[in-house]
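Two complexes are shown next, each including subunit A; its partner changes from subunit B in the first to subunit C in the second.
Then we have the complex of A and B:
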């Protein structure tokens, strides 16, 4: 199934169909055949572009490691490990979101909110993406930097800071988590649409329209699950959570 | 309040339940990125259904290729659903061990 045949493609868009794969599409040097991918695969991006994202990603991975060294206390280890396993599991679950589309959760906002730092999301999402790419072929190797930037860095930062801001305004950690998770699903998707345009894989406007439409809906599920998990962790182990915005949280 | 051991056990069991359920219940429809890829290639309308077996896999020219040991969260075609369940459990346990090991390693450096 994944024994991919390398096909030399013409420069212009063309569609071919063979017996094995019902859907075989070519667009701008990219051929799509049936399979199962969730993150940007290698074929969606030229190697040089992937390398640039890798360099940026490595800077954030370095910062995330420094966060882990300086901020992560020993008592957080069980939470980090369970979140890594949990994020992997929820990313494997594609939920139907109508419009012939499914969505899987990202979990970046969740990790950042629960562990109290956007770098926590970079840390956990990087681990998850390495295992998914290297062991399960989900997401490319050359595009892993882009996936780390989108879901870990952008997802983590958007999730964390919007959570903090919204929580300061409304003072409800569950609603704040939900809204932050929705934004942390949508904004990385928009970033991804731009990356795909630079790569020549998506045309700009249709790519933006499609990516934001689908992820605005996927984000609703992301919001609900994030709020529920924040509730579960906050109820079972409030000590493990860094929910505060430097104010006391009523628990 | 539950202790660390219970927290880990409950968390891992929940993760495995989600992972195993995914094998049976997860949607076969392409995800957001894939759907967008189909949409920009006029293979689906924005809100319409996706083509049957429309989960795209991509092959490009001048891009890198890599063969994963457990491709597509499965043990290959012959592994079937059992293979998918094993692959997901392997992944979840591996994630936990990596998360635990690396965190433990980093926190022990500073002391």
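Then we have the complex of A and C:
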């Protein structure tokens, strides 16, 4: 093997080979059977790339903290922190998808929709991912920035703004939140596939096909459960959320 | 994952020399190993690095007095996603190599390449070492001690406060999660029981998740109000007494860092 430095960026072949096509199918099925999610572990990304994702993530964490200070007053932070513990527990629910496949809720879109800001998702998911990475080893330390970007930033922003856009078009908060949650599950998975390719640890086409197919399927459960939860909250505690997300829910 | 919370904390609360070390020392040593291993080039020299760092880990695990079963159980629980990515490497023409030699040809004409197996093993060694040190850290340090260690190492107070609140209520919700599951099971509800209509299963789970969300929000409100009653405000500061490392902790920290840096650089230059 030639000597490799971590500064070098590898480049996978742009064409998918016949073998890659077959292996992608197998990989896809294994993912579906296992019900695994996209926490990138340590070592699957060169340290320099991990550092870049960390810097980007820190910028968004800073913005999330500023949101907490400006929009919901800094002293209400404990409320969101306790909610983060609840979201952590919610992620433990094993949800049936189909054909024996299971999935679990990420909750980024749900938090962003209910609390009325994508930064709420960044804040909550950052806390959740720190505990998952440091205590449970689910997701790496050097790759935590990438995981925060995928699930917190991309998931939160996609979930929140797609909810707003779709809700304006169709005027149904349950369907809108369902579609938004599905997108917030799918898009971060696609981002994850790109990151793994840039890192040189998984080829783009098989990664994209496997990750997007799997997350498109488990995203359905995320969509249904998010819609049911939004319905429940809207019915039992309508003060927690507004149908128009222009207003901040906690004020 | 949350089901293992109490087991992890029980192990972390045991008594040994490693357990009694200041959390700052364990955080710095664990993170230093992870950064060193991740920074190391993807080359076969990783095997040597993995061996020496693995022996270092075994010594520390032995000193912690924890059973190997604890490690194995936790390792298996964290394995899946990483393992899949590592395993499937053997079928792909990895960009780190120029030529590929088929090692085995499977049915449907699927080849396993020698170079790809090599890359998978390099990735595997790095992954195992990183996971092992995270398991060591969290199995020998309570969450509160980790948080205090983080604060003493400069974690911003707002993040420390948030994580502290989250950790405290994680145990409350872990207990609640267990009770919700028990009550669902007591009513013969199984989310994977195909004899039940799919819609009914999803509705039940959706309401359980929604109930959890509302209860955690309401718990947050109650906690926040009770904190206000005790004089909490945005300028509040949770006092954490200063604590210096004792001589043996300094010695262990310095020797560990010298070993980690020396070992990594030494193996790289070999």
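In the analysis below, the second predicted complex is superposed on the first by the 184 of 251 C-alpha atoms of A that agree within 3 Å, B and C clash if a C-alpha of one lies under 4 Å from a C-alpha of the other, contacts with A are read in each partner's own complex, and residues count from 1 in each chain.
To be clear about the criterion, a contact is a pair of C-beta atoms (placed from the backbone, for glycine too) under 8 Å apart; a residue touches a chain by one contact, two chains touch by 3 or more.
Predicted model only: the values in this text are computed from it and were never measured.
Trainee: Now for A:70: first (subunit B), second (subunit C), both, or neither, which partner does it touch?
Mentor: A:70 contacts subunit B only, not subunit C.
Trainee: So in the superposed three-chain picture, is A:215 touching just subunit B, just subunit C, both, or none of them (first/second/both/neither)?
Mentor: In the superposition, A:215 touches subunit B alone.
Trainee: For A:241, is the partner it touches subunit B (first), subunit C (second), both, or none of the two (neither)?
Mentor: In the superposition, A:241 touches no partner, neither subunit B nor subunit C.
Trainee: Which holds for A:173: it touches subunit B only (first), subunit C only (second), both, or neither?
Mentor: neither
Trainee: Is A:110 in contact with subunit B, with subunit C, with both, or with neither (first, second, both, neither)?
Mentor: So A:110 only meets subunit C here.
Trainee: Answer with first, second, both or neither: which of subunit B and subunit C does A:141 touch in the superposed model?
Mentor: both
Trainee: Determine, under the contact definition given at the top, whether A:228 touches first (subunit B), second (subunit C), both, or neither.
Mentor: Touch status of A:228: second partner only.
Trainee: If you lay the two complexes on top of each other, which residues of subunit A touch subunit B in one and subunit C in the other?
Mentor: 1-6, 13, 22-23, 27, 30-31, 34, 36-39, 41-47, 50, 65, 68-69, 73-90, 92-96, 100, 102, 127, 131-138, 140-142, 196, 201-203, 206, 236-237, 240
Trainee: Under the definition above, what is the set of subunit A residues touching subunit B in their complex?
Mentor: Going through subunit A, the ones touching subunit B are 1-9, 13, 15, 21-23, 25, 27, 29-47, 50, 65, 68-70, 72-90, 92-96, 98-104, 124, 127-128, 131-138, 140-142, 189, 192-193, 196, 201-203, 206-207, 209-211, 213-215, 218, 236-240.
Trainee: Could you please specify the touching residues of subunit A with respect to subunit C in the complex?
Mentor: These residues of subunit A touch subunit C: 1-6, 10-13, 17-20, 22-23, 26-27, 30-31, 34, 36-39, 41-47, 50, 65, 68-69, 73-96, 100, 102, 105, 110, 114, 123, 127, 130-138, 140-142, 196, 200-203, 206, 221, 224-225, 227-229, 231-233, 236-237, 240.
Trainee: In the complex formed with subunit A, which residues of subunit B make contact?
Mentor: So the residues of subunit B touching subunit A come out as 1-2, 4, 7-8, 10-12, 14-16, 18-19, 21-22, 25-41, 43-44, 46-74, 76-77, 87-88, 90-100, 102-104, 106-107, 109-110.
Trainee: State the interface residues of subunit C toward subunit A in the complex, per the touch definition above.
Mentor: Subunit C reaches subunit A through residues 1-4, 8, 31, 34-35, 37-39, 41-44, 74, 77-78, 80-82, 84-85, 88-89, 91-98, 108-111, 115, 118, 123, 126-127, 130-131, 134-135, 137-138, 143, 146, 158-159, 161-170, 172-174, 176-177, 191-192, 198, 201-203, 205-217, 219-221, 223-224, 227-228, 232-234, 236.
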